[in-house]
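Sharing a structure below in structure tokens format, with a few things to ask.
So that you can tell them apart, the chains are marked A, B and C in the order they are listed, and the count of residues begins at 1 in each.
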Amino acid sequence: MSADPADREPVADGGAADEPDPTVEMAEQAGREEPDLDRGIVEAWAAKMISNPDRAYRATFYVATFFFLVTTLFPFYWLLVVALTPRNNLSEVGVFLPAGFNPAAFIDIFTTLPFHRYVFNSFLIATVATVAVLLVGSLAGYVFGRLRFRGRNAMLLLVLVTSFFPPAAFFIPLNRLFNTNVDVLRPLLSAGSLYNTPYAIFIPLSAIFLPLSIFILMTFYSQIPDGLEDAARVEGTTRLGALFRVIVPLSAPGVATAGVLTFISVYNEYFFSSLMTDGRPQNWAPMLEGILRFQGEFEVLYNLMAAASIVAVLPVAILVVVAQEKIVSGLTTGAVKE
Amino acid sequence: MASVKLEGITKRYEDVTAVDDMNLEIEDGEFVTFVGPSGCGKSTTMETIAGLTLPTEGTVEIGGRDVTDLPPKDRGISMVFQNIALFPHMDVYDNISFGLRLRKYDQEEIDRRVEEAADIVQLEGMMDRMPSEMSGGQRQRVAIARAIVRNPDAFLMDEPLANLDAELRVHMRTQLQRLHRQLDTTIVYVTHDQAQAMTMSDRIAVINSGVLQQVAPPLECYNEPANRFVAGFIGSPAMNFVEGEVVDGGFESQYTQIDFDPATHGVTPGQEITVGIRPEDVFLEEDSRKAASPTKAFDAVVDVIEPMGKEVNAYLLFDRDVEASAEGRGEGQLLINLAPDTEIAEGDDVRIVIDRENIHLFDRASGDAITHSLE
Amino acid sequence: MSLTDSLPFVEFGAPFLQQALFVTLAFAILSVVFETLIGFGQALVLDQDFYGRRWVRVSIIIPWAIPIVIQGMIFFLIFNPTIGFGTEFMQSIGVFGETPLASSDDSFLIVLVADIWKTTAFMALLILAGLQSIDRGLYDVAKVSGASPWQRFKYITLPLVAPALLVAMLFRTMDAMRIYGLIDATAGCETVPSLTCLVIIALQESRRWATASAVAFLTAVVISGFVVVYLLALRNSDGGVA
């Protein structure tokens, strides 16, 4: 199984499980590679590897990279294969090639359903939630990261404890709350209740993903030298002013990381997204409902589901491409140099 | 321009008292330096003036106005920080103009003032640079420009030269003095380096363990230290101390004996005292005419010699049996300054005299100075 | 169906809660172990300097950014007997039965693989961050003193990355203990019941709010048990969190 995993079964869990080994016993493994070669050549090659371990490590590195690339990317490729296969041929879809060629699926998803509206709803909800989380998380991060006060650790633990509960647990009270007509909200929301509004999704999700952002921002804000905050305050800002004019800009990688993590988490969330609306796009149903609709109302249109999935992944995929370096450096939490 | 007045300033953290009942009046236009070892509370004191720390007790007045409860931005002060604290995400212009922009000055006024401040610290033509592209000295000058651009009532400087290399530090010392003359503003300066305190200040406030030890002009602190701590802290190399007891005819310790009349110098026989002698007040017997009033000669052995160029530091032992202490100067050891051409070698037996005019006596129990001369 | 018998954890008829607890714990432990190991491997690859690293990094990270519903659908389709190739392949090596998405054991495996595929990337990301904060000078010191790459890994990389690793595992365990969306989007809660599944079943099908809350609290208690273990481990590894 460990011989040439890359060429064989890309999603097999067994192969995946074996794979961290290269880092552990790289030399030996490299020596065992390519078993179908002539014995003599293998021996010569193994001998060379043993005498020159750096080359063996290099070889293992390339094999591992290739393996990881295949296992992560293949499912996307196969999704594309399914999307391009005409619906009637779905049972004949291959592993590597579509059975037929039907790019029209990528147009059909917008005509059968207003799928763009679903994606827009998700995008908007995720954006609003991200802004809210960054704002609240910044304030909390400042307090936890830069102020010393009694009970700080206890409160921090309390923030973490909210993450112990399944989000579903919050659904019970929220569901009742959001379905209650609140007269105060009537001028704002036609129905007077939060159900079927974007608030019903972004409020609980903001709260659920807030702790992680607090932890990230706290770590960053705590590393900004005191002198900089003092300087800003002496120069004429309030504490809040120093936070947003000096501390936040200097923590850009951390803020970006927290933002991207929140955006992706909210965009990808499953539970609340599937329950807080009635599933109609004009009622702010998110992208998830759109994809599931291809399954429900008509017959199961797997090719359209696949096409819709590819479209729905694009925003987050672009985000990852753009922000990946920031995310890594953001999680590395490098101290700010003055 | 304004005076700064501290009244009963005390800062307590949960288990430590960082500043204990500090009373100090700094006059308009004065350059006062807080000096003391690290952790002595000098920075905390300055932070209470700036408003970055609120005192547990006491009041702060700037220009006759009680500012104890005002936030830093409303105190009319500006500050230069130890780690320079330039905003790394702003260029020189934005750093200098930060405070002015926050106060919504109009653009022309900002430009004029920034230019003027940059001119004073010689930063012309660097307005677009980022702090990361500048040398330590340049950054320091930007920090100073940022402080002077707002025409504050008082400058606070917290170890502004600590992060500069030795040469630059000496250079900036003179620059700051010139700046003080030019601006004629109150400057409160914090440092642990007694040389900076001596060279720049009108008055020095020596602080130890959160308690003010002495506030006086530099030379007064040097020549007439209020207590043993000040005597040991001000001056480099530091003063020698000899522990001993007052006897009928003067002072006696294990290795030394100095004649004087106890009554005229305010001590009584049997009292435990410490004698303080600065290294430059000790002479070889043959040079005893250099001393205004030499004591009788003592025997000593040369332990280590440090030629400094303009002078020679010699570490003496009163006796061959004395073990040189690994930590500072111990009992039986004496550091003296000699002229650079003195012919002396390690291991030599020498005879030394002390200038009686500059012998300090301190009460051993309280550390307080008793007299600064035995004449 | 012989393999089904050797994987006894999902038997209908046994007390439902017990099953859910077992499924959840088994899932959490297995997924976190595999994701940590593979994620470490990926992080080590991504930590190297090589041409095209940016795109390799993006490719490896991207599954983590995939919405759960899409992740679920991909694996649902792969193991859908008429469309996907997964069932056929797994049957050919003798692991799966006729309809894997209806069999608890097979579905558990599918959910596990799907989760590993997606969240390994997240582990890799966090571990990579830990790796990158290691002072490169230490490796030079080790090289000069003659340490082999394996020794460098064992004596420098592993201990220094341990705090980051533990924090990553902590967050992953908390997440894995609350698995729901992926199950719902592939095999369904009836086939692979997790604790959160129970909460939702109690809510939606029987409207037993008290039961739902009780299960939610039970989940929180189990998670806090894990958290305590991690925090103790973190303390021992000398890496303070925050």
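Assume a residue touches a chain if its C-beta (ideal position, glycine included) is under 8 Å from a C-beta of that chain, and two chains touch if they have at least 3 such contacts.
Given the structure is predicted, the values throughout are model-derived calculations rather than measurements.
Chemist: My parser should flag the chain pair with the most contacts; which pair should that be?
Modeler: Chains joined by the most C-beta contact pairs: A-C.
Chemist: Using the mean of all protein Cα atoms as the middle point, what chain has its own Cα mean nearest that point?
Modeler: Smallest offset from the overall C-alpha mean is found for A.
Chemist: I'd like to verify one number: the distance from the centre of chain A to the centre of chain B, where each centre is the average of its C-alpha atoms, in whole angstrom.
Modeler: 57
Chemist: Distance-wise, how many Å sit between the C-alpha centres of chain A and chain C, to the nearest whole number?
Modeler: 14
Chemist: Hey, how far is the Cα centre of chain B from the one of chain C, in Å?
Modeler: 61
Chemist: Going by the contact rule set out above, which residues of chain A touch chain C in the complex?
Modeler: Its residues touching chain C are 9, 11-13, 16-17, 19-24, 26, 53, 57, 61, 64-65, 68-69, 71-73, 75-76, 78-79, 82, 90-91, 93-95, 144-145, 156, 160-161, 163-169, 171-172, 212, 215, 218-219, 222, 264, 267-271, 287-288, 291-292, 302, 305-306, 309, 312-313, 316-317, 319-321, 324-325, 327-334.
Chemist: Help me check something: in the complex, which residues belonging to chain C touch chain A?
Modeler: Interface residues on the chain C side: 34, 37-38, 40-42, 44-45, 48, 54, 56-70, 73-75, 77-78, 80, 82-83, 85-86, 89, 109, 112-113, 116-117, 120-121, 125-126, 128-130, 132-133, 148-150, 153, 171, 174, 178, 180-182, 184-185, 195-196, 199-200, 203, 209, 212-213, 216-217, 219-220, 223-224, 227, 242.
Chemist: Contact residues on chain B for chain A in the complex?
Modeler: For chain B paired with chain A, touching residues are 47, 50-52, 71-73, 77-79, 81-89, 98-99, 102-103, 131-132, 146, 150, 156.
Chemist: Where on chain A is chain B touching in the complex?
Modeler: Per the stated touch rule, the residues are 225, 227-228, 230-238, 241, 246, 249-250, 336-338.
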